[in-house]
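Labels run A, B, C, D, E, F and G following the written order; every chain starts at residue 1.
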Amino acid sequence: MSSLIKSAKSILPTLDRVLVQRIKVPQKTSSGIYIPEKNAPKNNLATVIAVGPGFTSQNGELIKPSVQAGDKVLLPPHGGSPINIEKEEYLLMRDSEILAKVQE
Amino acid sequence: MSSLIKSAKSILPTLDRVLVQRIKVPQKTSSGIYIPEKNAPKNNLATVIAVGPGFTSQNGELIKPSVQAGDKVLLPPHGGSPINIEKEEYLLMRDSEILAKVQE
Amino acid sequence: MSSLIKSAKSILPTLDRVLVQRIKVPQKTSSGIYIPEKNAPKNNLATVIAVGPGFTSQNGELIKPSVQAGDKVLLPPHGGSPINIEKEEYLLMRDSEILAKVQE
Amino acid sequence: MSSLIKSAKSILPTLDRVLVQRIKVPQKTSSGIYIPEKNAPKNNLATVIAVGPGFTSQNGELIKPSVQAGDKVLLPPHGGSPINIEKEEYLLMRDSEILAKVQE
Amino acid sequence: MSSLIKSAKSILPTLDRVLVQRIKVPQKTSSGIYIPEKNAPKNNLATVIAVGPGFTSQNGELIKPSVQAGDKVLLPPHGGSPINIEKEEYLLMRDSEILAKVQE
Amino acid sequence: MSSLIKSAKSILPTLDRVLVQRIKVPQKTSSGIYIPEKNAPKNNLATVIAVGPGFTSQNGELIKPSVQAGDKVLLPPHGGSPINIEKEEYLLMRDSEILAKVQE
Amino acid sequence: MSSLIKSAKSILPTLDRVLVQRIKVPQKTSSGIYIPEKNAPKNNLATVIAVGPGFTSQNGELIKPSVQAGDKVLLPPHGGSPINIEKEEYLLMRDSEILAKVQE
């Protein structure tokens, strides 16, 4: 993504989409050796950056996303559109794809 | 899953999802020899750890999950997203995928 | 299925699922020789052991199963999840998959 | 099908299913030679033996089958579950699969 | 189709089905030579012979076919179930498959 | 299409279908040479000749086509049923397939 | 697209479609060398040129597009129908395909 987008804050997801960023966890082998991020297994834990306004259900009701900005969430193994902003990778996915919230 | 998630208790399934854990049953051959868990056939019996708030049906009604935390349930042979927490495997699946409850 | 499930009676199907067991019919060739059960053609006749509470239709109505425990029913050639309890095979399937009831 | 089902009369189709039996028509070649039933082209004309109670539509209305027992009907070239009772072949299919009624 | 069906008039289409017959047009090459019907390109113009009573929409309303017996209509290139009655070919298709009516 | 259809005016599209004809634009290469119509790239601009009465939505409302006869419209790259009338090619397609109207 | 369409302004998207144009960003390699537009990676940022009137939902409500002319938006990696007007490329896509709005 070009330098046009200044920060993730300027992204306003549409409908029931949510913008999330995977949480980076220093990955160490059992013997304590750090694994460079590139080779580390993908961590499915993420932080919600922004959520859309919701979508209109078939009977005309506004269904808001079930997660909010700041929530810790569990992502499905696949899905979502990757977005790169300032060399950071984010994901835009539907609220209904989020598997769970994670209480701290 | 990294060490970020302290325990399964911190997982709050979204919508009509439920978090379950397969019940471990000491598997013995007919001649009484214990089968190491890795090779034991997958047992479809599980305990419900947590359930989501439910989903909004097309006519705007909240449909709650039909199972609750603590229920013994029968899982379908396939489906669900595996989640590893503290070296224990859990599954997140939709309430409608659960085949049956098992009364004790 | 492990020995955890004491009897089929403890299985409570969810939603519009029904638990059925095929009726075993002593299979004889035309010349009267008994065919061991293993090789006998699958009989599509079954008894309903238990039924679920029903499912909520799109307009919020509870649609109960059309069959009840004790009914004789005709199964479709395929479908259903097999469940083994105490070396007996049962099937869990959706009420709408049942082809017909059979009056005695 | 085993000898358990005494007659087609004991079959009560579920939902919007209908039980039909193809009408056997003595098939003759143009030169008057009878074609044994086995090789005769499948005749799509059938008699309705029994109909189900109907199904509940999405807005909660009971939609009854559009054909009744005794009607002559035109079957689609494919579809339906074959059922053998006392060496006679019947078909169970959905009411909506029936192409037309045939007035005598 | 056997000789059981006396005439197309006895066919009562179900639901939103319509019975049509392609209009036979003497096909001539540009140089005036008649093309035998078998080789003539299929003409998509047809006459409506009979229409069904309509189908019940999801909100319980009866939706009648948009064409009537006697209408000239334009058929899609594919679709419909062919029915032969007294060596004449007819087609049974859904009202919604008919592309257009043709005013004379 | 045989000579039976006198003119496009006699075509009354059903439901939400619309009859359109591509606008023929004299195609010239950049150096001004005319490209014979047959080889010219398909132009997606068309004129609406006739529109259907509309279709009944699931909640029983009549949804009329969003374009009218005489409108200039933008066609999708694929789709629609080609109809030849008096050596002119027309297309019958659903109103919802039309991409846009083009104001003159 | 032929020269018939004077400008993008004359395009009125139908239903819930939106007309967008990708924002051209001078692409430079890290060492400052300009990449000719043809080889530059596709930028998913676009400007909304025009939006349709909206579509009628199943319960008869008009659902308007969630974006407006002038909005900066994030496009999905695939989808939309390309339209060339005066050697400029535009895209027509459904409002629901737009991933997010981008605040400036």
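Just so it is clear, contacts are C-beta pairs under 8 Å (C-beta built on N, C-alpha and C of every residue); 3 or more make two chains touch, one makes a residue touch a chain.
Given the structure is predicted, the values throughout are model-derived calculations rather than measurements.
Counting hops only between chains that touch, subunit F reaches subunit G in a minimum of 1. Spacing of subunit C relative to subunit G, judged by their CA centroids, is 54 angstrom.
Chain geometry summary: the mean Cα position of subunit A and that of subunit F are 44 Å apart. Chain centres here are Cα averages; for subunit B and subunit C they lie 24 Å apart. Touching two or more other chains at once are residues 58-59 of subunit A. Chains in contact form a single ring whose order, set by starting at subunit E and proceeding to subunit F, is E, F, G, A, B, C, D. Residues 1-5, 9-15, 17, 19, 52-53, 56, 58-60, 81, 83, 92 of subunit A are the ones touching subunit G in the complex. Interface of subunit C with subunit D (complex): residues 23, 25, 27, 43-45, 57-59, 61, 63, 66-67, 74, 76-77, 95-96, 98-104.
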